[in-house]
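Letters A, B, C and D mark the chains in the order given here, with residues in each chain numbered from 1 onward.
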Amino acid sequence: MRKINIAVYNEFFHERHDPNSAKVYPDGIHSALKGFLEKDSRVGSVVCATLDDHAAVLTPERLADTDVLIWWGHVRHGNVDDEVVNAVCARVVEGMGLIVLHSGHGSKVFMRLMGTDTRTLRWRESDDRCRVWVVNRGHPIAEGLGEGFLVPAEETYGEQFGIPEPDELVFISWFEGGEVFRSGCTFKRGSGKIFYFQNGHETYPIYFQPEIQRVITNAVHWACPEQRAYRYDLGGPNAPALEGPKK
Amino acid sequence: MRKINIAVYNEFFHERHDPNSAKVYPDGIHSALKGFLEKDSRVGSVVCATLDDHAAVLTPERLADTDVLIWWGHVRHGNVDDEVVNAVCARVVEGMGLIVLHSGHGSKVFMRLMGTDTRTLRWRESDDRCRVWVVNRGHPIAEGLGEGFLVPAEETYGEQFGIPEPDELVFISWFEGGEVFRSGCTFKRGSGKIFYFQNGHETYPIYFQPEIQRVITNAVHWACPEQRAYRYDLGGPNAPALEGPKK
Amino acid sequence: MRKINIAVYNEFFHERHDPNSAKVYPDGIHSALKGFLEKDSRVGSVVCATLDDHAAVLTPERLADTDVLIWWGHVRHGNVDDEVVNAVCARVVEGMGLIVLHSGHGSKVFMRLMGTDTRTLRWRESDDRCRVWVVNRGHPIAEGLGEGFLVPAEETYGEQFGIPEPDELVFISWFEGGEVFRSGCTFKRGSGKIFYFQNGHETYPIYFQPEIQRVITNAVHWACPEQRAYRYDLGGPNAPALEGPKK
Amino acid sequence: MRKINIAVYNEFFHERHDPNSAKVYPDGIHSALKGFLEKDSRVGSVVCATLDDHAAVLTPERLADTDVLIWWGHVRHGNVDDEVVNAVCARVVEGMGLIVLHSGHGSKVFMRLMGTDTRTLRWRESDDRCRVWVVNRGHPIAEGLGEGFLVPAEETYGEQFGIPEPDELVFISWFEGGEVFRSGCTFKRGSGKIFYFQNGHETYPIYFQPEIQRVITNAVHWACPEQRAYRYDLGGPNAPALEGPKK
C-alpha cells in the first residue's frame, strides 16, 4: 500500500491577529493538523499552505501528487486564488480526497463542489458543550469512536445547513443551547471523495483532542483514492460505434 | 385530483391498559389521528384498524383501495398477523404510501421494508424537551414548519438508529438529556413512499399538537401515489428480443 | 393549485445556421417546447429566451416569478451571461425547478449546480435507434410511459457521464451502436429540483414525439415547487441560544 | 491488514442436472469462484456451501468468522433454510459483506435485505452479446476495467429491476436484443456492504472470464469490513440522561 500524500490549507489569519486564537494555536491550525497526521504510519508527507503562499504551494503539479487535501478557512475565503480553486476542484473530480473543516463550509472550493450556498447555517459564538453522535457505526470514518464523544466547548453551528443531501451522514452534533448539526457528511464528486466535519473553532483546543484527531485520520484513510488519479480519455470527438448496424 | 384514502393501524393496547395513556387518548391514538386527518380537504376516508380487528380490516381488498397507511404499534408487534404484513409490504411496493410513527420503528412491517434491525436505538422514558429541527427546508413534509418546533415533553430516542441511510432526512430531533435522533426520514421501496416520524409517545398529548398534525398531514400528501397502484406485467417468461440479431 | 410559470432558454443557434436543424425546428427548439407545454392545463405562462436576449429576459425579477426553467444549449455555452448563471443557480437553491435537455449537460448552469465536469461523456453523431427504458416505474416523471419507448433516430450519448450519483435514476437509454446512458436523472440543490433528460438532438424531430413531450410535461409538474420560493432568514449573526445554560 | 475469510453459497443444482451447465462448470460454479479467489493474496480462506449442506456449513459460528459471503442460487431459492437466512441477514447488518450474483437476485437473502420484490425483471434465455459499461470510474469495484468490457454471450436481463434505488450504480449492461440492466449496484444495510452483479449464467463460461473475475475480486475487497463485526450494546433499557435537567 502506497503512502498517503497530504496537503493542508489553513488561512492562518486568526492565529496571527487574535490573541485568543494565537494562545491555542501559536504555530497555526495547520501545524496542529500536521503534527498528529505525521504520526500515522500510512501517511507519507504533509505539506502546508496558508493564504500567503497557497498559490505557490498548491500548484497543479503539487496537487497532482496529492492524495488528500484538508481545508480550513474562515474570514478570508474571498482572497483565495481562483486558479487554485479551479485546480483543486478539477483534482477532486479526478480522484483527490478533500476534507473540509469547520468554517471551511463557506470556502469557494466547497461551494463550487456542492453547487449550493453552503454558507447557510445557524451559528453562535459560544462555549456550548457539543456531543458528537455516530449515526453510521460501520463507517470507516467512525472507526474506534463508539457511540460518539464530547467536545467540552465549541462554537455552535445549527441547522439548516445549506448542503445538498449527503451521500452518507456519519455524525450529528448536539449543542447545549438547543441546536443540532449534520457534523460529519460524505459526498462524491467525480472520482473524488469529500468529507465535511464541523468541529474545530480557532479559539478552542479542539484539534488536540484525541477523538477529533481520530476522526480526521480516519477521514484521510477513507478519502485516499486507490489510484492517485483516474484520468481517462474518451476517444476524442465521435467515438466509433461498437456494434454494427442492424439494417 | 382524487381524494386520499387513508388507513390507520393502531395497536390500541396502552390506551386500554395504562391509565396515563388512557387519560390522554381515551379513544385511542387512532381516533386522535383520524380526528385531524378528516379535517383535511384532500382526505377522502380514514379507516381505523387495531390489533383486535386488523386482519379483518386490513384485507388485500381494503389495502388495494388505500393510498396511505399510517402505523402505530409498540408492545404487541409480534401479534400482528403475518399475512397482513405480507399484504402491506406488497402494497407498498405497488405504490401505497406508508407512514410509520414513533415506536412503530420496531414493527414487522417497517423491519421488513428496511431490511435491517430497526429496533436498534437508544431510548429513555423521560419528559425531555424535544426540539424538532427542519434540515430540508424545501421538502413538502416540512411545509409550513419554518426552522422547526418544540415538543414540550417527549420520550427520548437517541442514535444510533438501525435504519439504512434514508433517501432524504427531513427532521433531526434534539433532546434535553443530550441525545439526537434522525426523526423524519424518507425511503422508497418499489413505487411506494415511506416516511418514518419519531414523535408520539402514548402518554403525552403529542398528536394534538398543531405542528405534529401538520407534519403528518404533509406526509400523507407527500406519500400519496399519483396512481393508486402501479401494477404491471413483465410479459411472462422469456420476453422476446426487441432488436434483431446483428449477425 | 396555482398555475405553473415556465421559462425556456434555447441557444437558438443551430436552427438559424444549420439547414438540417432549420428544417426540423424552423421557429427554434424553444417554440416546439412552448407549443406543447402551453396545451397543459396546469401551465400558466411560457416565456422564451434565446442567446440573443437571455440577459434581458431572464432577469432576477422574471426568475423570481418562474417555477420551472428549461435549458437547451450546445455550441454557445460560453457566451451565456455569468450574471444570469448566478441568478439561475441562486433561484434553483431557493426552489425553482430546472430541466436540462440534451447538450445542456455542458452548460455553465448545470456544471455549476453539479460541481463536476458534466461535459464528460462518450458521443457520436449518428442516427442510432434509441430505446429509453423506465427504471423507476412509480416516479412521477415516468407516469404514462409504461416500460419505456423508442426514439427512431438519435445522436448517441454514452457512459461514462460525468455527473455526481443522481438522487434518482428514472431512465436509461440503449443505443443501437452499443452504448448505454443514464438519460433521466434527478438531483436536488437546496430547495430546487433538477431533472436532466438526454433526448433531443437539434436535427431530429424528437421534441414533436408524444412520449418525449410527456416526459418533459411530467418533469415540469414534478419540478414545480409547492411554494414559489423558500426564502428564509437565519436571524443574523449570533443566533441566541434556545436553551439556558445547564451550569 | 488481516486476510479475508470468504464463504460461497452455490445452489449447485443446474451443474448436476443440466448437461449444458455440467459441461461448463463440472465441479460447480462455487469451485470456479473459489478457484480464482484463492489466487488473490489478500484472501485467507474460501469455504463453499451448497444447497445440500448449507445449513451445516453456514452456521452462526462460521458466519461470525466470515468477512464476505458470495451467493449464487436460481431454481431452489425456496429450499434455503430460514434459519440460515436469518443468520446471514443479521451478520450483514453486523458488518459482513455480501455479493449476490446473477439469479441470486431472487434469493430470500437478497429479498429480505432489500425489502422489495427483487425477482421483478425482464429476462430472456438468449446468447446476446452483453456490454458491461462502467458508470462510476473511481469506484473500487470498477478498478482496472477501463470503460467496461464485453461478455460474448449472456442470458438477457432487462429493466425494470425491482430493487430500491442503489446507493451507487457501478455498471450498466447493454444487451444486443435491446435491453439495459443496472448490472452492478451497491447497497448498505446496517454496517454491511452489499453488491449485486448481474453477470453469470450457468451455461456460459462467464466466471472464467478475466474481467468478471476482476469485478468479483474487487467487490470482495470493497465489501470486506474493516472490523469483522460491529457489535455494540445500547446499554439496556432506559439509557441514562447525559445532560442534567435545565430546570
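Miscellaneous remarks
Simple rule for what comes next: contacts are C-beta pairs under 8 Å (C-beta built on N, C-alpha and C of every residue); 3 or more make two chains touch, one makes a residue touch a chain.
It should be emphasised that the depicted structure is a prediction, and the values quoted were computed from it without experimental measurement.
Distance from the centre of subunit D peaks at C, each centre being the average of the chain's Cα atoms. Across B-C and A-C, the chain pair carrying more C-beta contacts is A-C. Relative orientation of subunit A with respect to subunit B corresponds to a rotation of 180°, obtained by superposing CA atoms and rounded to a multiple of 5. Subunit C and subunit D have Cα centroids lying 36 Å from one another. Inter-chain centre distance (subunit A to subunit C, centres taken as mean C-alpha positions): 31 Å.
With touch defined as above, residues shared between interfaces to two or more other chains in subunit B number as follows: 122, 129, 131, 137, 147, 158, 165, 167, 176, 178-179, 188, 190, 242-243, 246.
Those residues of subunit D lying in contact with subunit B across their complex are 89-90, 93, 112-117, 120-126, 128-129, 156, 158, 162, 164-165, 167, 176-179, 187-190, 234-235, 237-243, 245-246. Against subunit B, the residues of subunit C that register as touching in their complex are 1, 95, 129, 131, 137-138, 140, 143, 146-147, 167, 176, 188, 190-192, 225-227, 230, 232, 242-243. Those residues of subunit D whose C-beta lies close enough to touch subunit C in the complex are 122, 131, 133-137, 147-148, 158-161, 165, 167-169, 172-175, 178-180, 182, 243-244, 246.
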